[in-house]
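Two complexes come next, and they have one chain in common, chain A, joined by chain B in the first and chain C in the second.
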Partner chain A sequence: MITFLAKRTATLVAAVLLSSFAVFLIPYVTPGDPVRKIIRSRVAGDVVDDSTVQALGQSLGLHDPLPVQYFRWLGAFFSGDMGLSHISRTPVVDQVMPALGITLSLVIVALGIAVIVSLPLGIVAGLKQGGKADKLITTITQSFIAMPEYWLAPLLVLVFALKLSLLPSAGWNTTSSIVLPAVTLALRPISFFTSAVRSGMIDALEAEHIQAARARGLSHVQTIMRHVIPNGLVPLSTLFAVWFAGLLGGSVIVEVVFAIPGMGRLLYDAVVNSDIPLAQGGVVVVVALAVAITTLADFLHRILSPKVSGALA
Partner chain B sequence: MRKLSRSAALGLAALLALTGCGLSGAQTGTAGKAADTNQRIVVDNFRAPVANWALESDSAYILSLSGCLETLTKYDSAEGKVVPFLATEWKQVSPLEWDFTLRQGVKFQDGTDLTAESVAAALNTVLKAKVPARAFNPGIVSGVKAMDAKTVRVTTPAESPLVPFRLASVNTGILSPAAYQGATVDPFGHCTGPFVPVSEKAKQSLTLDRNKNYWGGQVQLAGAEVRFITNGATRAAQVQTGEADISLSIPASGLSTLKNASEVSVLKANSPRTATLYMNNGRAPFNNVDFRKALRSALDLDALAASVYEGAALPAAGPFAPSEPWASGKASPPKQNIEEAKKLLAEAGYTADRPLEIIAIVERSEFADVATVIQDNLKSIGVPVTIQAKEYASAEPDVLAGNYDMILSQRNRLIDIADPIGFLTADYTCKGTYNLSHFCNEEYDATIAEAAKTSNTEERYKLYAKAGEILDDQAVNLWLVNEQATDAIRSNVLSYVQDPLSRYVLTAQTAKSGS
Partner chain C sequence: MPELVIEDLTVRSTATEPPILSRVSLTVRPGEFVALVGGSGSGKTMTAKSVLQLLPEPLRIESGSIRLGPLDVTNAPETELNRIRGGRLGMLFQQPKRMFNPNKTIRKHLKEPLKLHAGLAGKPADTKVLELLVEVGFEDPEWGAQAYPHQLSGGMAQRAMTAMALAGQPEILLADEPTSALDKVLESQILELLDRERRHRGLGILYITHNLASVAAFADRVLVMDAGKIVESGTTEAVLGSPKTAYTRKLLDASNLLPTSITDVTPQGRSVLTLTNVVKHFGPGKRLGMGKRFGMGKRFGLGNADRPALNSVSLALKQGEILGVLGQSGSGKSTLARAIVGLEGISGGSITRTLAAGEISPPTAVQLVFQEPHDSFDPRMTLRASLEAPLRRHAGLSPAERSQRLQDAMKEVELDPCLLERRPGQCSGGQLQRVTIARALLLEPEVLICDEATSALDALTQRTILDLLQRLHRDRGLSLMIITHDMDVVRHMCQRVAVLFQGRLVELTDTHKFFAEPQHEHSRDLVSAAIPCRGLHLKKMRAAS
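After this line comes the complex of A and B, so read on.
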């Protein structure tokens, strides 16, 4: 267990260092002057005065050698300071934490919907393998993969906000504001979760210990409830963690369409505008959280699947 | 049939809006509806604040359109001139000095008086900004000082007739001294306008209440919420559902759905933006005026405006929109004339020895389609064209260095002040800092130099018109379409006057009828 934790901690540190360095390099390896991008994000327009570029670059330390800039940021970060945003001049932590809270809420609700929907569908499909119900569920849920968020989101707005006036079209003001973005985000996970639960169920049904349980006299329903379903859920825990980590920074489209000030939008804007401290701070937090979540998922996997516990130990 | 009549009525309304004078926008009336002073209003704006509300940044636009921030002068689009605001009069007392007399009895929202000292302090703060405002920076203004309790003197390093225009820029908005106490600017409760900002949801919205002590009379709304919605389709949807009362800057793609919304009016106004095909006048074959004119004759601007812009833009007649006070009355949009184009090509001695490249910047999604239409038009006269999609930031170094053929871009002529001098200088003078066309013409430079020191507005506008004619005669660029500023408002919004530059949206007069 100690080895496992040590490995995971090393992974966390390596992931944070690598991702922060990669994000740091983006403005310098992509075309265009980072200082001009910063100025244009503050003041709309094309004409940028060279003396302003020089002065701002100097004041932000962007003319220093790249290693100096990076290690300056790293030193401050390990002393608990994420620095100030180049664009807003407010502390990065003050922007990242509220955005993270919003995205966490959105992702939890979206994946909650996905789990609630996919569990019964996956169980039924697994139990009725090859039957009409299985084919119908598989066809419908697989079609969700082909529904991109930039198409689905406006469609849901059209139906539920414009036509039916049931839900707000955008914003993050009331509880109902979360419904449409969460459903948009949930659709693709539903597809993957249903497929995973179905496969887990089929594998479990064919396992020897299930046959043994039936032989011991357990009823069909008891066998399903006590042995098949718990085993069928094992793959879901890993998949859930992967989607959770991915959506933390990967819900940009939904956040833009629904005007949600979450992490995806924050990171996208930061990278586009060369707001290096904000991008670095945001990515580091997302990566750290992603590593933590996948670690937690491994623990859960261990609890749910005795076969893995030996490997972890 | 009913639907048809409604469409016709809307079309007529749009046409009337389009044919309005100057750059002024359309206006909603008050006939038949009574204002309910308990109403609050929701405005969907297209940008969010940046730079922690620093006034030298574009945040100033948000504070101004929200009815919080006010300036010494104001540009009246309908009148086409600068009018009093926090200053009642101004005078050039020497070639380098302008005195502004402050309006008496104005109080900041924190209860302190608007004084010459507070105005000078506010303007000097903007002058000292690390990223100074284009309209008001140390290169243009030397300093500001209080002469007495009600007079502020603005000093310039060179004679400038445009100082009153500069003080109409939202970047020169005045906040009370308390706003500048910390490391950043705090506009909350420190403006002079009809609405007091009371709370902000970061990157989401700004909430404002009525300023009960507003110097300009009774405020007709109880309050407002200005939302920061960067997605144009979302803004269009919110005004349809009634979640927003006013949605600013509706994209062309959203207009068709709004036409069928019975409770929504679409207002259009000429904007000072012209989509332009910049040509590199410094390199062959674009260094030949006949070649440039040939390309102009080959373009079908009517088809371009109707197809790509879906009617949300009008064919351009030259570097200015026809409604701008400095536009030459002679200009009309060029008509496609393939024979003429071929003749000019022959006179230019053009041989299609290499395909020419159009850079379509990806930040403007419609430019890909515009480039395709142009490619097709030019193919018909035997000019092969390739299209390269690029981010502006990646194209800019080559364009400024003169290593390109053509680039599609769109510039706001009034980006700094309500006068095109900055645009005409930066974009077309020999030493212009943003001379993408690499155009250089002595007569043009002399005209602009004369305009820069001409204080009589009418005379100055005549010089701008002359400069515009030179650009047009030389076919420096291909001016494609004049874009329209398009706002959508609910039918219960009263006394709304559209501003093509979205500087003034909420005023003391803006009202809503009861629901």
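After this line comes the complex of A and C, so read on.
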């Protein structure tokens, strides 16, 4: 376990370093003078004349070797100095952090809904494999995969906001604003989670130790509660993390449609407006968080399924 | 104590199918060791599952009765059945490690029957868990209790399974091939353990097996089962001593692997395979390093971190020789096989293959026959696709020639070539093991390494595979290295015996000398643990003492 811990932490650090280095290089590989671009993200006023650019470049160390610049940039980044947005001319960190908070709450609520819905559905479908309930659940949840967010979101707005006037159609002002975007975001994870829980249950039911449990006197229900359901849910932990990490940057469509000032929206705007510092800040934060979450999920998986840690330690 | 009585039990799936069990009757009295023997598929396991009323769908009990004392098991309500399963009726399974929930510790497993059948929970249950583990022979019960199933060896897992069965204070124990996955030393230890419980607790044991040697040593009575029927029954002496049916004689013959004419020959001639001071380390720094540093080697089943898997092993395989390599699980047998064929790199020493003219032979001259036939084929590929792969890689033949070579290889191992179109799941274990041998023969090797090639098979199938190997040895002049824990196989097949113990070669001698006067202490253990089938008097002797 300790070997694993060390290895995973090393991988985590390596992934963050590698991706942040790629992000760091953006000003150098995009068209235009990197020095001017970087100065614009560091100095509030507009700088036009070459001599000032030269002087500022010198004082900001923009002529140092790239690795030196990279680590200086990274150091500043993680101490909260992500530079100035090219567009709004305000510190990037002041835009990224609120957006991150909004997206986190949106994703947590969406995945919360997904888990609450898919657990019972998957368990029932798996236990009654091939039965009517299984067919109904599988058909309905699988159909969610075929409902893209850009189609579903307007539909939900049409019905619940415009026709029924139950919920706000867009924005991020009241608690109820979260409902429609979260539901939209939850549908596809629901179908994936349900099918993962279902097949986890089927595998767990077929395991040979289940008959041994019956043979030592556990009733059918006790066996399912103690040995089938806990084992069947293990695969969900990994899938959950993958979705969590994916939705952090992948909620763009929902955020744009519902006009939510979250991370997806922020990255979208940054790219559309070529706002390099904003894009850099957003991407590195999302990547770091995503890697951290999947690593956490791996640890969790090892705790839930000790055989995995034994086999790979 | 009540007895278990099965009368005229008939089990079938649907009315049109032939019955799985047909009018089976048997009785197990308290303190009695009853053996139920038969080939695979004869219905032994289904008999045990009927008793627990845990028949798999769609099997049903059609007629007959099962009684435990006055209780009619066949008509008992489910709540009553849950009380007797794991309570008055304990059960041991064939693959102990697969019978534990991999995500729960041994302690959690043991506490289930304690709670259900003895009403123990919390602290008293924890104490009882340790007592039970000590009783079944755990030297460090505290470690055993907190271990996860995958951390136990096969023998330890079967002991833990026994502890779990004993936790419910059973009157009758159904032991379904409890030792067929274990080596001989462990087998006799487990059977001794069961026998001790029989004497101490007056436990009635129904011992299901295809291994007649252990039956001879332990059982009071034997029932022989073939195709769902009891074909013969009586005292162990009567059934094994003077069998009445042809089927019993066939079973006896298959398990009675006596020395053959091959084994008298002392091999001469050139060496085809020479191992010089071969050393194999796993770790440190790779797999074992951290575990060792943090003192967790034992906990993670990675003990012996500083002991090499192979320690300075030197031996030569002569042309046309059959060499047996013996050793307990963990002695380095499989590592040796994998090192010889190059599946595992070695840390020191050398392995050389020599051709007749003295030149180095190609790597394909040494082929490996794997242990678990079902695990050594890709389940999604047809056997033809699996077997063609090495031919494509090495032989440089046209498609027609390849096809011909496959046909020939199948005929060589006495299989219908139309099996080639099947997938592994559609073949029996015996058929697949033949295909593994056919695969090994495709590249016309000089040496065949058989790593426990027959230990997953029942006695009848094992016998046919051994006969096949002997024929190949005779006809093709193949040199064989037979890696096994089965002393009978060695006695039947091998000219010389090498004994591995903790990664070291501790003995290398002619087979008859080995059985007559084993030199090393571990060899003596092996020889004495091999229960000879002819020792029908063993049980009586033990009863007298």
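We adopt the following convention: the second predicted complex is superposed on the first by the 239 of 313 C-alpha atoms of A that agree within 3 Å, B and C clash if a C-alpha of one lies under 4 Å from a C-alpha of the other, contacts with A are read in each partner's own complex, and residues count from 1 in each chain.
Assume contacts are C-beta pairs under 8 Å (C-beta built on N, C-alpha and C of every residue); 3 or more make two chains touch, one makes a residue touch a chain.
All values reported here derive from a predicted model rather than from experimental measurement.
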Just to be sure I read the superposition right, which of the two partners does A:216 touch: chain B = first, chain C = second, or both, or neither? second
Regarding the shared-chain residue A:73, is it in contact with chain B (first), chain C (second), both, or neither? neither
Scan A:42 for contacts with chain B and chain C and give back first, second, both or neither. first
Applying the document's definition of touch, where does A:227 land relative to chain B and chain C: first, second, both, or neither? second
Broader residue contact with chain A after superposition on the shared chain, chain B or chain C: B
Figure out whether A:192 sits in contact with chain B (first) or chain C (second), or with both, or with neither. neither
Touching chain C in the complex: which residues of chain A? 1-3, 6, 207-209, 211-219, 226-227, 230-231, 234, 304-307, 310-311, 313
Considering the complex alone, what residue numbers of chain A touch chain B? 30-33, 36-37, 39, 41-47, 49-50, 52, 55-56, 59, 87-90, 95, 98, 154, 157-158, 161-162, 165, 168-173, 256-259, 261, 265
Help me check something: in the complex, which residues belonging to chain B touch chain A? 47, 50-52, 54, 56-58, 130-134, 139, 184, 201-204, 227-231, 233-234, 237-238, 240-241, 243, 391-394, 396-397, 409, 411-412, 415-416, 422, 426, 433-434
Sort out for me which residues of chain C touch chain A in the complex. 52, 54, 78-79, 82-87, 90-91, 93, 95, 98-104, 112-113, 116-117, 148-151, 161, 164-165, 168, 289-291, 294, 296, 300-302
